[in-house]
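Letters A, B, C, D, E and F mark the chains in the order given here, with residues in each chain numbered from 1 onward.
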Amino acid sequence: MRQVSIETGITKHAEGSCMIRIGDTHVLCTATIEERVPPFIKGSGQGWVTAEYGMLPRSTTSRMRREASAGKQGGRTVEIQRLIGRALRAGVDRNALGERQITVDCDVIQADGGTRCASITGGWVALRLAVNKLMKTGDVVTDPLVDPVAAVSCGIYAGQPVLDLDYPEDSEAGVDGNFIMTGSGRLIEVQMSAEGATYSRDEMNKLLDLAEKGVSELVAAQKAATGA
Amino acid sequence: MRQVSIETGITKHAEGSCMIRIGDTHVLCTATIEERVPPFIKGSGQGWVTAEYGMLPRSTTSRMRREASAGKQGGRTVEIQRLIGRALRAGVDRNALGERQITVDCDVIQADGGTRCASITGGWVALRLAVNKLMKTGDVVTDPLVDPVAAVSCGIYAGQPVLDLDYPEDSEAGVDGNFIMTGSGRLIEVQMSAEGATYSRDEMNKLLDLAEKGVSELVAAQKAATGA
Amino acid sequence: MRQVSIETGITKHAEGSCMIRIGDTHVLCTATIEERVPPFIKGSGQGWVTAEYGMLPRSTTSRMRREASAGKQGGRTVEIQRLIGRALRAGVDRNALGERQITVDCDVIQADGGTRCASITGGWVALRLAVNKLMKTGDVVTDPLVDPVAAVSCGIYAGQPVLDLDYPEDSEAGVDGNFIMTGSGRLIEVQMSAEGATYSRDEMNKLLDLAEKGVSELVAAQKAATGA
Amino acid sequence: MRQVSIETGITKHAEGSCMIRIGDTHVLCTATIEERVPPFIKGSGQGWVTAEYGMLPRSTTSRMRREASAGKQGGRTVEIQRLIGRALRAGVDRNALGERQITVDCDVIQADGGTRCASITGGWVALRLAVNKLMKTGDVVTDPLVDPVAAVSCGIYAGQPVLDLDYPEDSEAGVDGNFIMTGSGRLIEVQMSAEGATYSRDEMNKLLDLAEKGVSELVAAQKAATGA
Amino acid sequence: MRQVSIETGITKHAEGSCMIRIGDTHVLCTATIEERVPPFIKGSGQGWVTAEYGMLPRSTTSRMRREASAGKQGGRTVEIQRLIGRALRAGVDRNALGERQITVDCDVIQADGGTRCASITGGWVALRLAVNKLMKTGDVVTDPLVDPVAAVSCGIYAGQPVLDLDYPEDSEAGVDGNFIMTGSGRLIEVQMSAEGATYSRDEMNKLLDLAEKGVSELVAAQKAATGA
Amino acid sequence: MRQVSIETGITKHAEGSCMIRIGDTHVLCTATIEERVPPFIKGSGQGWVTAEYGMLPRSTTSRMRREASAGKQGGRTVEIQRLIGRALRAGVDRNALGERQITVDCDVIQADGGTRCASITGGWVALRLAVNKLMKTGDVVTDPLVDPVAAVSCGIYAGQPVLDLDYPEDSEAGVDGNFIMTGSGRLIEVQMSAEGATYSRDEMNKLLDLAEKGVSELVAAQKAATGA
């Protein structure tokens, strides 16, 4: 596992914010509270948590085209931000949150593999800080964040199971997965795919073992950062 | 497992085509051979397999907006077609295919849950038929389709593990997964996610057991349809 | 005139549906009833009938780009779907229909010339079936479908007037037209154009004669299919 | 027929230009010569004529949204500009033109019905002037403009056949048509449609008779304007 | 300063309109009154003035791509129309105007440098005429147009300060500016930029002196045209 | 003038980078070198400098919509990034740079007024660092950065000329300007505009005096940061 650091209070405007650094992958996460919800849950008394993801054009080795100027978010971006939102919601009691929306923005400042996992882990911290504010003011009474959410990638690189792939490892790995879990060790989402390859259930289990170790380390870092 | 039927030779223009029906889910799959490849593999001697996915506006209970008229493919569509392409490529020896591209189009005529899995299973049949043509003409000598690819969804519905969820089951299931495997029982992709819930490794293993059974049934249907 | 077949009840979700096959041209038509109307007739007591048209990417000899992925409907698509909607409305008493909208989707599964005419003829059948449902439930009392609508293409090919052009004839014809008529022999729309050529009124009249014959055959097939 | 005037040489940059005024309908037409052709005829030795159409936002009674700001050309615009291009090409010998493209832009300054017909009639004048330039310089030797092209609308208004509908007539007419013809009386395109109505062949013939009279008047005005 | 002419009443539909000609630069300006305002001032009792700008495709030496067909307004267009709107608003008492919006459309018919300045100067005339109408009907009581607005470009060309640059001068000038002023000599906006060059405050002052002379000439032409 | 800090070497991938902080306005600037130029200067031997600008969604008091998800860059964004590029090019000898392009990305992390000026000032630092690399490797021999470029905003707030407006001042100021200058005191661009107000030449001169003081302070900070 690469070095993990989580620095909170990065921007003065957001209700919650942090810069998460996992090795050379740096992601700025902010959480915004809005007193409105999407149409499909209006009047239900439940809240919503959603996420958006972006990469700064020069967060990568060579410059990527800015999506705003390309005129649309690419398929990879859309897929990742749907994943982040789904993952965070799994740790939230939406009744306790009440009819409001929290949007978590994850913007990659520097990329070196594992940006979607760093976004989920850092996004949870931003969400935690924003919810703390709602509880301080009494807008929310019961803590809606029932179990912390964190994510790590693992893969089979050079024949060996490897935890927390950096970019060079990730681009070589024939099989890699993203494992999203809770602080209490439950699974939220497993995405394990092979590009031009296949894998056995035994190999899958080895990666799950690694991921469990990685996630518990990340959850500890989240707790340290939020004083929980 | 719902009733499976695969009818080949559905359209006269495509190099390979079938209508796959899994219960009330009907998907038309066609494979198109083009003697060109995407820029990033030009000159490599390797081929490419890609996929596109769409739903007819009234394939669903209430009419969906036509994506062409909305002016873009939604996030779900993009995510699914990337998944189909990745899955099919896992069963292909791209060197044996040679420098050409096969595009598999999966268009949902009628939806009742599991459309992405049906698309992968039916898409493989269309691909198989198109490759047969290339081998008959001698354009391809060694069979590039090394191991059949099929997919099935499973979930936990009403507390019980269920194979091949239909739409009513799928919309109620707190945990569901898509399992893509080969005919020889290797895994290609596992996507198992919880919406507002979590699951244990034990539950995951039960679904994997079910999926293995389902996929072997689907591979048998593929073989029957293509005469392999 | 090529062989005509109309198979109804193709999809379980749509209020009306059919697959129309005119020779090797196959179009799936569905009709969707919605209890709302466009803003410009809200409160008028009148209903609306509109249409959308699409071609599956591999309905044609070589694969066309999917319009949803291109990000917009091409000029030809827009022109055709406006024509279908206008044609169908000519046979509808919009006061009798009441303030609701019926959307007819015409999706070309396999193309061999004459897809817009097949869409109109098949679209009318889907519309007929949907309206039958409204009358059965008593939501509509007076039949709003006053006179059946059907369409056929004719052209001058190799110097001869030809009824119901297939794709090879259509691409060679210097002059061709689409003739939309009612069951009682009235005209709804005539579009007769020359690409890099011209024609006389006499030639136009010969094509109109042919079209009248073709349309009466199509109206008979519509009646047989809907049991009217 | 409303008053017709054609003023040439409206803009100093275009190879051919005119302002055509038919009653209160005013269209600015320019022709641009470019020494390139679309890909599908490259190397064929043939030329191409194409057209674009637009309305200034306040050419109409109430302001229309600017299409450039809406982000796309509407269906009506696309349909009209395809029609104009097709019509003009019918009068052109594309071999005599040689491998170059002429783009005719028709921009409606003030609209009062019949803008597409005015665009065709005025567009031909701009085309004529641009081709004159090519012949003067010797770039083109044989005149490629074989037969002048003009267009007029007719309709059934208050039960009577009417030539050259203005906007109030046009919006009330249940049946109206656009008739594109050559100076020698041949037909290029007939589009005769009914909105929520139908018509007989006899009515169609009456409108064709009117259109022939109108077009011959327009062709005379074209000749006067271009000194032909 | 090039020859200035302002012809009013150009289109019958618009509440105010003029064609402004400054040398070979011709811009058609129309003003549209609408009894609604943008959301951000709803209920404030204040009005709004906004502007849109466009160039006909062949207003320039070589044909430009039509922005409606390109699918978006270019950066230059957006920048110019924001400038025009801001400039015109500086001369308007928005309380006196009352809660309504006036949209000024500036469409360049022929371009030869200085189109944005001509648009502002002509746009003011169209606005003046539209407001006159509102005052005649009594919808507006106190004249909201407090001080006329006009604009001129100046630059340093061949080492010399030059007033009202035409296109050849403008494309050669290393430094050029747009100066928007009121009839009483106050400044509204100064935009003075250097492309690959720099300038001194002394040079800036010389251009300001020239601009003052130019603007007073333009304001006189505005007054003559509107009979003020 | 608010507190200025410039921290270099912020991202490991970019050829030059810094975080500029002017009070609570924080902008991340990166410079990317590419060995290609835009088509219009290909083969000229000259280089190009261009810029792109963006704001993170929660860089502002309330969350802004992400431009990538809105599907286009807004008018303000386009205007600002054109300004930044123009400003930076004024300090560059494009012949000395040689036929390559440097793209400066300015992404606002936290906004409190003056983001465009901070982008120019910080963008110059990123550019300086990237060019230093080119000179170290010998790819560029003569320093193309002839005179440093920096920018500051000034305005009339509560009747007083104010240097370096923060957001609350900026939104209240009736007159404000952006002043872009070189280290040697030459002007590059002056944009001084009034929203619903006007100003005199005397007021303009007072702001220019202030701006000169501000820019010399910024140039000193640039030099300290780049060790020049």
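Worth a mention:
Everything below uses one rule, namely that contacts are C-beta pairs under 8 Å (C-beta built on N, C-alpha and C of every residue); 3 or more make two chains touch, one makes a residue touch a chain.
What you are looking at is a predicted structure, and each value in this text was computed from that prediction instead of being measured.
The interface in C-D, E-F or B-C that matches A-F, meaning over half of the contact pairs are the same by residue number, belongs to B-C. If you average the CA atoms of chain A and of chain D, the two centres end up 58 Å from each other. Centre-to-centre, using mean CA coordinates, chain A is 50 Å away from chain C. Each chain gets one centre point, the mean of its Cα atoms, and the points for chain A and chain B are 28 Å apart.
Chain E has residues 71-72 in contact with two or more other chains. With chain B taken as the origin and chain C fixing the direction of travel, the chains line up round the ring as B, C, D, E, F, A.
Contact residues of chain C toward chain D in the complex are 72, 75, 78-79, 82, 86, 89-90, 92, 94, 147, 177, 182, 186-201, 204, 208. Put simply, chain F touches chain A in their complex at residues 10-14, 17, 24, 26, 28, 30, 32, 34, 52, 54, 56-63, 66-73, 77, 103, 105, 107, 109-111.
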